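Both complexes shown next keep subunit A, but they swap its partner, so subunit B is in the first and subunit C is in the second.
Take a look at the complex of A and B:
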């Protein structure tokens, strides 16, 4: 009576690529999503206009070096600090696009039904955001450096400062991306995520100079220096300053010693812990 | 004004943990005022500096953004606005109600903390506290209207609003003198300068320009948002 129909399901005979490839695919997919690649033209506007704004100082710098034969207007070590508002807007605008849709449409169990663990999923997202932020800062820096080499200014090129600032760009990108993703993963709504990251950044960037100025005017010079560490950009600049001996790019000196570096590591660990807790909860729903 | 729509909007804006986001910056402002008091530099100069750099230039645009887009953008984002638009309520009334909710939230979370922070520093000297509170309130109302309109027009309202508030109002406003005329912050500053006798408060635009500009922008943005809602079409996500 009953009959088994052959409806044509096929077995997969191709190569099995393994765990590493799933993580890599997820990272590449997220990275493309951050820049709006593979999505509509409208979602490319925001990331690419911010990338263009980041490239403008590099172009102006190269033009100045070529025309007046003088070092450009922005030092390598100060690039991230001077452009911090643009980097922060990029983080705020794009970090929620990495994490919010998966949370909002509750597709996390679908990912986890594949051989992807929660830590691999979060790791891929952090890696993608870190890479995007690193590219955002390091590409203009590299452009200026190549320009400096080609124009061949009098005096040696700032090779050491350039490589130092590229290394610090990676640290900054990791710090910002873990923080930005931790904050924006708390809400499944994209707009709210953008506003939360922006509020956190603006609080630190607007409050810190006021705190520094007040403490310094009142004679608490040594305490005032610690205020800079409350903003991620100045914090990483402080680490750079103690590692490579570059001048401070804030309006005052930083506290020296190993504490800024320890603080960076502690903050990254704290943000990772928040992400882990958040996703342990999100995965169980 | 529709009280049911207003109630839903208040709940959407302040419910659950979202109120924390609105509280973050005002608490920062009051915290800074307390810090200034503790280290003993509670004079008019530092009070006006705190109001200029933190209250008007940082806290107000961001709160305006959160409240102004927050009353409508999330509903458009997840498509629940269709339940509201399919009810027999005039669309301009919906826009007007949502604007009033945003404006009242800004009054509570921006103007009141501004008054408290300035009062902590200089009490009621020379009308600094009162002047800045009213300036923040009026500019906040204009921000609510503009960002409500932005939330209706585009899905990237928050990011575009951040760029306007940060890049245009601070960067372009300081570099190009003429651009300061088209800055809501400067209009609020003009009102504060008018109401305060302190020599430290100065404005870059005249009151004769600021008041009509504030009224035109606010009324125009709310009306336009209402018109946009009348011919609103829901499109898919990205």
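Take a look at the complex of A and C:
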């Protein structure tokens, strides 16, 4: 039997790594938290069931390609729009877990008393949420694409459309994560954060088709098109449409031109500004 | 070498002046920062961490200017806030490992250091359980552990004994003393209770309403006021007169006489005087004043 000796306090003289390391560690830590890794089994249920739901259409698409030798049900460019409810639920359920606990339990001062700065902290959180949403959309897309290549359908594979949709998935992920985090950072209560993000999404997804329909029926066709830009998924689809010439995945056409892209950039900047203001206030407490 | 030094440090908020031209230096060891609630202790710590800009004046920590080299300071300084700062749903181990990494320690080093400091602060098997179920004493230990995990040169402990029962308070104070001596880490510890700091500090700084009342070594605090308390059955007046004749300074305090200690001869004088006058000596004790008394005296002068 070995005996345990009290060897007293030992000093640490190993390496102390720089900002790159801490920001990366915080990003990975937050990303793991979003998927409930290293947490209780209960916190894994929501993210993993949503990931499974996202993968189902990919599996069905591959099965159809293999059996009927026909392109899958869902086009690459329309995947995010068609699956938008699932992506939105993921955002609403998981964005508050990224920011709310540190604010509610006042852990933030412990970060700030270390070399981590407030902008590095917020940057790492945004990066983690963006990565999670990107994986949520891009993994099923990639699966379908790999399936398409392996099954070897007649005609060329939709490589251009696939890469375009993956790029747009990243833009969508950044837009959604900045907005989701900005909304959920305003309330330190997680439940309230979930409800607020969900309400914001439902408002934009339910109201937009109604506004579009009303305007179109009243004969304001060209004005009606702008309505789609009020929902983040259709907004990003509109950008994709004007960048890559893909068809609209809404029930009507989008306004063309650079406006949708400008709007995306402006919205991301606005959400970042809200985050910056929110955290500047939180830091001075 | 000074661990920290401030020069004319002033912090004004829109409605109050939290620090008013504070100039103070702190050496290594355990230093107590004493003041009532709202005296400016927490504000001072935030400025020293480089988290709050000063309105006027300068401050240096580990010879680094807080205004410009905050990030470097925070690499070698630990901080235990006064308020709750622990998420309930993670274990102490996970939490402390994560914060070690936030201080720049590589993954394996972070794990080793976290295990080490949690052992030193006295958290055993419970460190694998979620913090939500901990007692106040255990939570304070986790807060202390996270401030030590990156092996800082200096730690700021803001009211570490807050909310603890008398036993927990004693254990926490003993631990702080060990950190300052055995671990060789300098400590700046705040409290509004003067008595408890007296037991563990080498040096005490007293501030009130953001101004420096006093800063000196603990020995000076108690030395300057050393006296003995004498009680006799009857004839206190006679004794007072006799002691005065012998050149001693005597102050009557009701039935008690407080005699200022000039040296070993004071004790002899009391003994001889009592014997000569044939008085029944009931009490002869070292009347070491507590810091409280000094604080009260100083506060009365201001």
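Note that in this section the second predicted complex is superposed on the first by the 276 of 285 C-alpha atoms of A that agree within 3 Å, B and C clash if a C-alpha of one lies under 4 Å from a C-alpha of the other, contacts with A are read in each partner's own complex, and residues count from 1 in each chain.
Rule of thumb we're sticking to: a residue touches a chain if its C-beta (ideal position, glycine included) is under 8 Å from a C-beta of that chain, and two chains touch if they have at least 3 such contacts.
If you're wondering where the values come from, they're calculated on a predicted model, not measured in any experiment.
Look at A:273: by the touch rule set out above, it reaches neither subunit B nor subunit C.
In the superposition on chain A, contact is made by A:29 with subunit C only, not with subunit B.
Contact with subunit C, but none with subunit B, is seen for A:16 once the two complexes are overlaid on the shared chain. Contacts of A:39 after superposition on the shared chain: both subunit B and subunit C are touched. Once chain A of one complex is fitted onto chain A of the other, the partner contacts of A:215 are limited to subunit B, with no touch recorded for subunit C.
Contact with subunit C, but none with subunit B, is seen for A:107 once the two complexes are overlaid on the shared chain.
Judged by the touch definition given at the top, the superposed model places A:115 against subunit C, while subunit B stays out of reach. When the shared chain is aligned, subunit B comes close enough to touch A:198, but subunit C does not.
Subunit A uses residues 39-40, 101 to touch subunit B in one structure and subunit C in the other. The residues of subunit B lying in touch with subunit A in their complex are 17-18, 21, 24-25, 28, 32, 35-36, 39-41, 46, 49-50, 53-54, 57-59, 62, 65-66, 69-70, 73-74, 77-78, 155-159, 162-163, 166-167, 171, 237-238. The residues of subunit A lying in touch with subunit B in their complex are 39-40, 42-43, 45-46, 85, 89, 92-93, 101, 104, 186, 189-192, 194-196, 198-200, 202-203, 206-207, 209-211, 213-215, 217-218, 220. In the complex of the two chains, the subunit A residues touching subunit C come out as 8-12, 14-18, 21-22, 25-26, 29, 38-40, 101-102, 105-107, 109-117, 283-284.
Chain contact summary for the complex, subunit C toward subunit A: residues 49, 51-52, 71, 74-75, 77-79, 81, 83-90, 94, 98-99, 101-107, 109, 113, 116, 120, 146, 150-151, 182-184.
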